[in-house]
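Each of the next two complexes has chain A plus one other chain: chain B in the first, chain C in the second.
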Partner chain A sequence: MYKYIIKRLMMLIPVILGISFIVFSIISLTPGDPARIILGNHASEEAVENLRQELGLNEPFIKRYISYVGSSIKGDFGSSYRTGKPVFEDIFGKFPLTLKLALFSMLLATALGIPIGIISAVKRYSIIDGASMIFALLMTSMPSFWIGLMLILIFSIKLDIFPVTGVENIKGYVLPTITLASFSMAIITRMTRSTMLEVIRQDYVRTARAKGASTKRIIFKHCIRNALIPVVTVIGINFGILLGGTVITETVFALPGLGTLLVSAIRMKDMPIVMGAVIFLAIAFSIINLLVDLIYAVIDPRVKAQYSR
Partner chain B sequence: MSQTLLNIKNLYVNYETDEETVRALNGVNLKLNKGEMLGLVGETGAGKTTTALSILKLLPKDIGIITNGQIEFDGKDLTKLKEAELRNIRGERISMIFQDPMTSLNPVLTVGEQIAEVIELHKTLDKKQIESKVNEMLELVGIPAKRKKEFPHQFSGGMKQRVIIAMALSCDPELLIADEPTTALDVTIQAQVLNMMEELKHKLNTAMLLITHDLGVVAQICDKVAIMYAGEIIESGTAEDIFEAKEHHPYTVGLFGSIPNLIEKTNRLKPILGLMPDPTDLPQGCKFHPRCPQCMEICRKVHPDDRQTETHTIKCHLYK
Partner chain C sequence: MIKKLGTLALTFVLMITLALAGCANKTADVSTEKNKTREDINIRLKTNVDSLDPQLSSNDYSSNAILNMYNTLVISDSKNNILPCLAKSWEISDDGLTYTFFIEENVKFHNNKKLTAEDVKFTLDRALTVPMGSTYAFMINRTDIINEHTVKVTLKEPYAPFMEYLVLPFYAILNKEAVTAANGDKFANPVGTGPFKFVEYKDGEYLSMTRNDDYFKTPAKIKDVKFKIIIDQTTMTMALEKGEIDFLEELPGAERERFKKDKRFEVLEYPTNYLHYFMLNPNIEPLKDKRVRQAIGYAIDLEAAKKVVYDGAGEVNYTILRSDMFGYSDNIPRYTYNPEKAKELLKEAGYANGFNLKFVSVDTVAGRKAPQVMQGYLADLGITMEIETNEFGVYAQKITGSDFVISCCATLAQNDPDTLLYQLFYSTEMMNMPKYNNPEVDKLLDLQRKEVNEQKRKEYIKQIMDIVMEDATILPYLYREDAATYPVSLKGVTPKANCIHYIYDFYWD
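Presenting the complex of A and B:
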């Protein structure tokens, strides 16, 4: 098991090298001069050239990439072109908000999605099932910015329960969390329902009924664990997406999160921030994936047996 | 001594879906006494498993429907019992061994947990007593008790089948339904499992309904035999009646003709020509008539009645 974890962590190295090279190439090879963007249209040609020299932008692409990798191994990811602050100071300043939002919304999505999915599967074709499937369909089809705007309209402007923007207190998190959770919840609900339906038809469920177990016992003891494996995958993927991809929701609620930081850095060609943020997200995503795989082992002894080989 | 334990009377079961109605059982009559072993024989699709599942009311929900008939178990009609009452019977008084050991055990629970569950559900024992009962049951079927902490994927097919048997026997049931318990096993394991079941029958005086399409197995261990075709029992009697009597239903004759015989020299097997009738569209009259070599005019029109001589019953127009 430990061997497996170490092996997986070692695999992070090539993954991060690959990602950093791709992102570095995209930023370097697309048009637009960072020095010009930083100094603005009115700066003299001479000043821009000086800044280019200072930032090392005149060096060949490969040389710059190698020196970037070299200094990042030593822990120096550079400073933001715009603010001049070290990259990770910026990233760590924004990350807690993003992480909190992602965590809250995944908790909400899981806490609602799994039970609703189970109930829908057990009471298949009932009114509850129909209603929750229509609800799930709505949630997957509505774009999140629209959900966010509607929530603001109803709960902030009309009812004045929650603030329109900002996260000064816990109340501020409610609407963004619901907005972010809606899509994941719909996916989790549908996934849980379909895997439960699959599991309920299995022979071992019939064996359990033949033993005289009640429906409740069968669902809790025999079905849920078997049905959860694909659901855990979906939860992991959605959590990863939420860490990096909450830009739209952050914009709607004017929250200064990691997504917003990354997008504005891309716009400003702020290479150190883009690189730092992408590498950080890649590591976070890989660790979540590893956790998902470890949770599999807890749920399913067959998977555990594979890991320890 | 011979007290009726299970009495199935005129049982009809349909599988109803939106597209079609499958008439799986069409008036099954079956009687089983305490401590007796009855072999239920027939081709795939004859309704053997459906018969077994309807005894425990485990037919697929909303699809498998008992449309008529009674299943009397120890004087009580199981078809009229409520779900909660049935739960007390399932696993304790009637238990079942399923066809496929590979899929009949839950992959995420240890075999010990799965055996313990049935004991926990029906007996009031503390944890320690349950554990020792689990050990006892595993030893009974020839599995070292220390393996109870292992998961089904760590067992071979034959071992899994033994676990299922241990599970089915742990509450000393009065009736054990074994649905092709040996079909998924190879021959050497088959013999072991059959010997074990026979031993257990003597030890615990359990009545057994053995579902199989293997006549050899039936000859080896059954007291009584019933032969099923298209959802009906077309011939039944003691093992002697079926294997030694002169008069047989033509289908039974065909069934025996389909087995290779090592003693008599024959060049070719004589299979029954044709296929089982489509259960969504059963023929009129005798359901076997399209395949019957001795088909008469009456067979096409009139459904035959049982003809009973002592213990031997045949449903055929040939015998009056």
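Presenting the complex of A and C:
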């Protein structure tokens, strides 16, 4: 088991090298000059050239990449071109908010999605099933900025319950959490329903029924565990996406999260921040995937047996 | 069955949405009695702060916000008259070369150090060395200390709009000691003399300040100021309605009618000195022929374009200079909408069947809409225009590198036309992005700059305008009009054409 974990962690190294090279090339080779962006249209060519020199932008691309990798191995990820602050000071400043939002919304999505999915599957073609599938379809089809704006319009402006912007207290998290959770919840509901339906049709379920086990026992003891594996995968992936991709929700609610930092850094061609954030997210994503794999082992003893081999 | 259910569910969802949106009327209170006793204010800030040091900032929104922690030597009123601030008075020599400033004596920086001529000299000297210096401080030759509270600034040559420059955040007076200690750190704690003191800046969240009770004039009436960074326009208007922000300086044209009807809010529209214009590159075919450039000028109905691009807000401009600027005259040549004339000019130039060209634009609301409107008008002439919308970084690189056939830009003009005309038309100027090069215009620009006789200077400017309008490398479009929007109980808002808002003047009543 530990061997497996260590092996998985070692695999991170080539993954991160690959990702960093791809991102570094994309940022370096696409047009747009960070020095010009920082100094604006009015600054003279000379001042821009000086800043380019200072930021080391005149070096050839490969040389810059190698020196970036060299210094980041030593733990120096550079400083933001824009703020001059060390990269991880900026990233860790934004990460707690993003993490909280991702956690809250995944909790909400899971807490609602799995039960609804199970009920839909068990009571297939009933009114509940129809209603929840339509609800799920609505949630996947409505763009999150629209959901966010509607929630603000109704619950902030009209009903005056929640704030439009800011997360000074727990109330501020409610609307962004719902907005973020809507899509994942729909996916989880649909996923749970379809895998449950598959499991219900299995022979061992028929056997359980034949030997007289109660429906409750069959669902909870025999079906759910088996149905959950694909659902856990979906939850893991969605959680990873939420960690890096809540830009739209952050913009609508004016929240200073990691997504916004990353996107504005890309716009500013703020290479150190982009690299730092992408590497950070890649590590986070890989670790989440690893955790998901470990959870498989908890759910399914067969998988556990494989890991220890 | 499922289909029926679907219809039912959909109807249900819609009904709930409408019911909640329509009936519930517990709207946020923003203009009640409780506002009258408030001492705090929340202001929308459109971007992140790019520097807390005003001389290192290249973003007008950011530098205008931090200016509230500083003072400039002089300030301007809403009519752009120059008024004293840190300089209680000044003398300008007859040759227009030296400016002597007499500085207020009992001014303290936020670090309790007294303001002296030393700090003023430090600020002006440093202005020459920072990256933006070539744009804002090119006219200064040297600064000398006469005594503890008097400085003498010598210009390279007479420069009429100098005082208008001193109003800008770039010339906020810095504390020598604090800036030296910061050593180029753009986010070091700012130390100014201004009516508000720095409290905290959180990137992507807010910039907060508190009243400076040792201010050299009566302390401000507002105590706590918070600039909240809200980028999204829809969120911004909703936050205003909810009372989470109390002031925004730019309400989009499409929202103005709604807020004007809302009795809780004041919508104060005011003209700004921001000129928006199109740039035509005279060094690239087919725009090398000035008749083609003129044809494009005649082809566009600016009034109609304004309705589409800015929802009707703004003052359409045909002459680069605005009617209240020095040197303006009704005789300046101009391009008003005349498609027949445009076709004729194209025919003369040998492009009766049109041609293809590319518009290099930027990814903003106006940057997306303006080229589309132009595309339609040019299509009438048989010109096929492709639009390339870039993110800001790429756009900035392209226009500053003169890598475009046709593009758009905006700049802050002064009431004196010198800067604007110099920037747009002088052959070596950075902002002359189409790289217009006309020795005759260069000579006239130099002449008008040195000319002390107003009548003569007017004549020079008229000559310049005749030539540059004829050559049509810059097609003016409009002077932007902003709409400050705030609850009616907020008073003291006096917008300036340079878009600087002094929160010092604000109060609740």
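Everything that follows uses one rule, which is that the second predicted complex is superposed on the first by the 309 of 309 C-alpha atoms of A that agree within 3 Å, B and C clash if a C-alpha of one lies under 4 Å from a C-alpha of the other, contacts with A are read in each partner's own complex, and residues count from 1 in each chain.
Operating definition for what follows: a residue touches a chain if its C-beta (ideal position, glycine included) is under 8 Å from a C-beta of that chain, and two chains touch if they have at least 3 such contacts.
Keep in mind that this is a model prediction, so the values were computed, not measured.
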item	value
Clash or fit (per the criteria above) of chain B with chain C on chain A	fit
Partner chain in contact with A:K211 - chain B first, chain C second, else both or neither	first
Partner chain in contact with A:T165 - chain B first, chain C second, else both or neither	second
Chain B versus chain C, judged by how many residues of chain A each one touches	C
Touching partner for A:N226 - first (chain B), second (chain C), both, neither	first
Geometry of the superposed three-chain model: angle at chain A (Cα centres of chain B and chain C, steps of 10 degrees)	150
Which superposed partner A:D203 touches (first chain B, second chain C, both, neither)	first
Which superposed partner A:P301 touches (first chain B, second chain C, both, neither)	first
Chain B versus chain C as contact partner of A:K269, first or second or both or neither	second
After fitting on chain A: smallest Cα gap, chain B-chain C, Å	14
Residues on chain B engaged by chain A in the complex (per definition of touch)	56, 58, 86-92, 95-96, 98, 100, 103-109, 117-118, 121-122, 151, 153-154, 164, 167
Footprint of chain B on chain A - complex, ascending	202-204, 206-214, 221-222, 225-226, 299-302, 305
Contacting residues of chain A [partner chain C, same complex]	30-34, 36-48, 50-51, 82-85, 90, 93-94, 125, 127, 130-131, 134-135, 138, 149-150, 152-154, 156-160, 163-166, 251-254, 256-257, 260-261, 264, 267-269
Of all residues in chain C, those that touch chain A in their complex	1-2, 5-6, 9-10, 13, 17, 20-21, 24-28, 48, 50, 58-59, 131-136, 185-187, 202-205, 228-232, 234-235, 238-239, 241-242, 244, 390-394, 396-400, 409, 430-431
